[in-house]
Amino acid sequence: MTLFDPAWIDVAILAFMAIVAFVVALLRSVFASVMLMGIFSLLSATLFVILDAVDVAFTEASVGAGISVVVFLGAMSLIPSPKAHGRTRPLLGALVCIACGALLILGTLDMPTYGDPQAPIHLHVADRYLSESLEATDVPNVVTSVLASYRGYDTLGETTVIFTAAIAVLILIGGSWRDGVKAPARADKETGDA
Amino acid sequence: MISTHLPILQVLVPLLAAPVLALLRGRTLSYLVATGFVVVAFLIAIGLTIQVVHTGAVSYAIGNWAPPLGIEYRIDELTVIMLLMVTGIASAVLIGGGQSIAVEIPERRAPLFFALFCLNVAGLIGMTVTGDVFNLFVFLEISSLSTYALVAMGRDRRALTAAYQYLVIGTVGATFYVIGVGLLYMMTGTLNMADLTARVSGVESTLTIKTALAFLFIGLGVKLGMMPVHFWLPNAYAQAPSTVSAFLAGTATKVAVYVMLRIVFGIFGIGIFTSSYLADVVIALGIFAMVAASVSAIFQSDAKRLLAYSSLAQIGYILFALGLATEAGLTAAILHLFNHGLMKATLFLALTAVALRLGRTRLEDFDGLAQAMPATMLAFAVAALSLVGVPLTIGFVSKWYLLAAAFDRDGVLVAAVILGSSLLALLYLWPLVERAYFRKRPAGAPEIEEAPLALILAMWALVAVNVFLGVNSQFTVNLAANAARHLIGAVP
Amino acid sequence: MHDHAVLRVVSKLLMPFIFLFALYVQFHGDFGPGGGFQAGVIFGAGMILYALIFGLKAARKVAPLHYLRAQLSLGVLLYAGTGIVGLVQGSNYLDYSVLAHDPAHGQEYGIMLIEMGVLLTVSSAMTLIFYLFAGQDH
Amino acid sequence: MEFPGLYNYWIAMVLMMMGLYIVITDPNMVKKIVGLSIFQVSVFVFYISMAKVRGGTAPILDDRFTVYSNPLPHVLILTAIVVGIATTALALALLVRIQAAFGTVDEEAIKALERET
Amino acid sequence: MTLAPDQLLLWAFLTPIIVAVLVAVAGPWRNLRDAISVLGSLATFGFVAMLASEWEDKLVSRTIADFLPGLTLRFSLEPLGLLFAVIASTLWVLSTIYAIGYMRANEEHDQTRFFALFALAIAATLGIAFSGNLLTLFVFYETLTLVTFPLVTHAGTPEAMRAGRTYLGILLSTSILFFFLAMVWTYFEAGTLDFIKGGILNEETGPSVTLVLFLLYMFGIAKTALMPFHRWLPAAMVAPTPVSALLHAVAVVKAGVFAVVKVIVYVLGVERLAGVPGTAIVPVVAGFTIIAASLVALKQANLKRLLAYSTISQLSYVVLSATLLTPISIMGAVLHIAMHAVAKITLFFAAGAVYTAAHKSEIGELDGIGRRMPWTMGAFAVAALSMIGLPPTAGFVSKWVILKGAFDATAWCAVAVLVLSTVLNAAYFLPIVHRAFFRPLSAEAQAHPHGEAPFPSVLALTLTALLTLGLFFFPGEAMKIAEAVATGR
């Protein structure tokens, strides 16, 4: 391992991401958290480029750092920032997270190492995509051919997910939902239970 | 010719209903369209059942890409049980719930509501038929997202927080599932279930594969309402619109259990399940749930919440049977999966009728209801007795197999716990029946009439199936036993 | 923001390029990074930018809500419909090989069509979601 | 174990848990969604790290290269990103409604309000 | 009409169900409705009688449904079941007649519901009697509990509801917790639940498991009202008297002891049980129940409650005798099921008749009532003699055999219990008879003149009293059946 091992870049970016995540956890300001979340996404997009996932990087940059932040800001313009408040169940949360993280790290010690070309993941299906897809689909971008053809059904599902989300947002805050706000308030008293 | 494409049509029909519905205006039209699509889906499920019973498991390669390259649909006995249940209950809920939806959902949102409902159905079916672990995640999200929105449609403002709570924990659960899939993929290089089955056995001894199992288990545990990660469930069931509660209670958690069966037994196999102590954990969680949730149910003041806790307890039974990891246990788990879905859907449909007429479902609202709504309350009473495990209903069949499975492995004590918990079921359900039948309507209570005919028909259709399969359980028991045998035999 | 002349002019100039870029991403997806989803997001971002600069009202004139809603559905229908063509042609669902004489060409057509469907749904969904959040009166 | 061994994975796992920690403990419901996003993005990082092959390039076939990274996780994560933004949008829409109904998005305050009714 | 025996079985079972449906339909026309009840009960009696006359040694059976794979809902006829069916169907005819008089005279509400459920209860009872395996028995046992619950709570008062909850709570919880558990366990051990002479357990089942199963059955079948699970029986006395009469002298309680004998003879096996140490616990508990219930009965001021405790005590005779595990004692148990039924129903009929005619339910109010209601109190006296076990009544016959069985088993404690309880029985029954016939009417009673109860009621109770006497003089058929059960033909 040399100082100039390209792997350092990954680790550096990941370290940056960790710092950002840590700051987000500490921050009280929701607005700043959202901005940092955008930066987090952007950092991850950079990392994805380094890790050869250009399509994912492109998408993460436009969605995570772009649309997502815009939607957050749009929502936050309707939701006033509340005052500072202590954490709920900080100990329990920490315990759960540490246990989960420990399980995850200790449980994966015998995983194939990073970048190992002989890992099973690269040998079975993926290998066939790389060798067969050009002939079968005439599309040199394997990600596209897998996305749209081999696993095109997943992508139909993905489109349906977006469709679902749009419909859901529409039904929740579309049209004249405010007219309905008063009615539930009355229903409240009738059906209230502890 | 069309019969070879039934597997994909099973998902496509409700899935395509959604964009069509989103283009429509008006309540009546969208109601009819949605109901039509869902009923067609039910008919397809029946066709598939006939196909599977006659010719055995069916495989369908989407895009004509041979698995594991492409995504495969795989339908066997276990799958058709779930398909029948999901589409059947969806049909019953839509057919019966028209009037209730009309009251609870504003006219302008009706088409979108039905679109979400169909998406939910499509998502659950997609989870059921798929033979690909990642495709499963996609459909899980379709059903989850639509569920969150549907729950939020409840009339009380607490429906919103219930939906939010469900969204957060549901997303965490789904992400855990994705982590598990990642680890699994890392070790095997494939996402196809059948292929995974073959390849997991090669890396069975690695820690990573066990960690993968743990994460898949927790992720699905959240979705199926496993105690102690259950807390979204009572709120969601209690606050959602009545028809949505009826549908969810009958299907959503059941499909999650089904997926767990598929993954734990279909992919990992009993060896890993039992050697990693997970089996014991599952048994313990199951027993904990059947006792703790039943006790909680006794103290509820709202019937919907009460039934929600009862669901948690019943899921405890299923988990327990699943944890036994024997053929008898799996048979019992699968049977109860189906049977409980049927019973709970009936009970919630009855509550839909009550909510429609009274606007609420508190326990005291049941006083004297049997006089005003005799057909509804009789259906409720039969389903309640079934849940307790009274003979000649499917509840008894379930209980019989559960006990037999318990005897097979753990002996008398556990069997006694199961029976004790079914007594608790009596304790929390009986007050409702007693109030309905043996109390008078409070003075000054508004005059109410019987539930609409469609709703009664839907309820009684489920009750009829309940009693028929309770007296003559060959069909379901054989399907379940075959399915269990296949699951057990999946990995030698 | 719509009283800043500079912003208005610059964004008006930028707008065609954004949509052009979206189309490039859409059709270049076969050869490089990109595809229907990314293009849809860029399309949506373009609309959002337009709405931010010229106001929601103006944006809604360009792309009314009910139009977006229709487009949202049409995208899914186009995607699923492409799959059904394969079914009707006697193959399995989502098999594009039957779309042309040469299976590989069929695949290409199929991929193009479904990416179009993705574009329609994603762009309208993004715009729609932004509209709804931005369009709430406080 | 040769560097970088499993470091990438480990850091990604730590990132996941930081996201999860925010989800569990932050009382602000908007912030929880931020945490959820961080959690999910970290999982994406984990997946994409799995896909990397040492010395490989992006999986766009070209005569100049012979070693490519694994395209399949990329495809999966593209889907997952979409699911993520869909969830976020839905959650925020819910929060807008919650704000309107309760006048706050603070978990504790809402619990208190719910107990009152 | 020539029906094959298995068809007769089915028809005997189906007739009450049809009656229930018809009664529900004919509800508004009460004469028609009551006529249907009577005719239906006669038809059922006819079918059972035909069965009895045609029945030979060969087993008649009929599968109704494939309930669970390997386990069917099946009817089959054997001597004990036949005896029980004969008792139930005979007494159903009489109690229907009686109930018509009672319900009309007391202007009870919801009579249609009452008669429909009454018929269903008989259907369930016949289901128990005919059951060909333990599962079928269990199914109808539970059905009987559920069907009779609305009858018990017929009054609908808070008090009745409380009593109903006790009734349902004890019966359901014991049957689910113990009976069901024992049944599944048995199935697990034996692989079958069919009733087979000598039992179905195989050699692999050890004595300790057998003992646990035995205890689970004995306490799980709480319809025997063995202490400490007896409280449902006095609680159920809030029901209208015809219900108490039929259900708590015949159907429900007899279903309990019937099931106990069935289990001992056909599931666990008498001989196997005799070889298991520790089974003596049950006769001890039964003996305790006999004495304790009799002592409680002594203190009762309410006539129906007294009868309830008397029933508890008498049921334990059957359990005691059956669990002594000798052929003669089994025979005694079987006989006592029949003999106690006719006498006890007479007593309940009489109590109800007194309530209908004089509106009296407390023992202290019965002074001189025998002179105003000679038929009723005469029948009462006959039945009381039977309870004590004195000739010339049916009770003497069964008690004699039970005593013989106890001697046979050299169970001296049991003999002592029997003797002591006879004394106690006399101590609480004879004063009532004495009071009714030999004390003068109270001043308050003289101010309210009344005669006998309505004719149907008096007719019914006279007939049952005659039956009580008749079974003393002609016990042959009953003896034959009991012997068949005990000796295993």
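Chains here go by letter, A, B, C, D and E, matching the order in which they are written, and residues are numbered from 1 within each.
In the analysis below, a residue touches a chain if its C-beta (ideal position, glycine included) is under 8 Å from a C-beta of that chain, and two chains touch if they have at least 3 such contacts.
Just so it is clear, the model here is predicted, and its values are computed rather than measured.
Common neighbours of chain B and chain D under the contact definition above: A, C. Among the inter-chain contacts, the highest number of C-beta pairs connects A-D.
Ranking all chains by how far their C-alpha centres lie from the centre of chain A, first place goes to E.
Each chain gets one centre point, the mean of its Cα atoms, and the points for chain A and chain E are 71 Å apart.
Centre-to-centre separation of chain C and chain D, using mean CA positions: 24 Å. Centre to centre, using the average C-alpha position, chain B and chain C are separated by 36 Å. Put simply, the C-alpha centre of chain A and that of chain B have 28 angstrom between them. Shared interface positions of chain A, i.e. residues touching 2 or more other chains, are given as 54-55, 59, 63, 67, 71, 74-75, 78, 104, 108-109, 111, 121-122, 125-126, 129, 140-141, 143, 147, 149, 151-155, 157-158, 160-170, 172-174, 184-185, 188, 194.
Counting partner chains per residue, chain D shows two or more touched chains at residues 16, 20, 33, 50, 58, 60, 72-73, 76, 78-79, 82-83, 86-87, 89-90, 92-97, 101, 117. Multi-chain contact residues of chain B, defined as those touching 2 or more other chains: 15, 18-19, 22, 62-63, 134, 138, 141, 145, 148-149, 152, 157, 179, 185-186, 191. Looking at which chains touch one another, you get A-B, A-C, A-D, B-C, B-D, B-E, C-D. For chain B in complex with chain E, the touching residues are 385, 388-392, 397, 399-401, 403-404, 407-408, 412, 415-416, 419-420, 422-423, 426, 430, 434, 437-438, 471-474, 477-478, 481. Contact residues on chain B toward chain C in their complex (touch as defined above): 1, 5, 8, 12, 15-16, 18-20, 22-23, 60-64. Note for the complex: chain C touches chain A at residues 25, 29-35, 37-38, 41-42, 44-45, 48, 65, 69, 72-73, 75-76, 79-80, 83, 93-94, 96, 103-105, 107-108, 110-111, 114-115, 117-118, 121-122, 124-126, 128-130, 132-134, 136, 138. On the side of chain D, the complex with chain B involves touching residues 16, 20, 23, 29, 32-33, 36, 39-40, 43, 46-47, 50, 72-73, 76, 79-80, 83, 86-87, 90-91, 94-95, 97-98, 101-102, 110, 114, 117.
Every residue of chain A that touches chain B in the complex is listed here, in rising order: 103-104, 106-112, 119-126, 128-129, 132, 149-154, 157-158, 160-161, 163-165, 167-168, 170-172, 174-176, 180, 183-185, 187-188, 190-191, 193-194.
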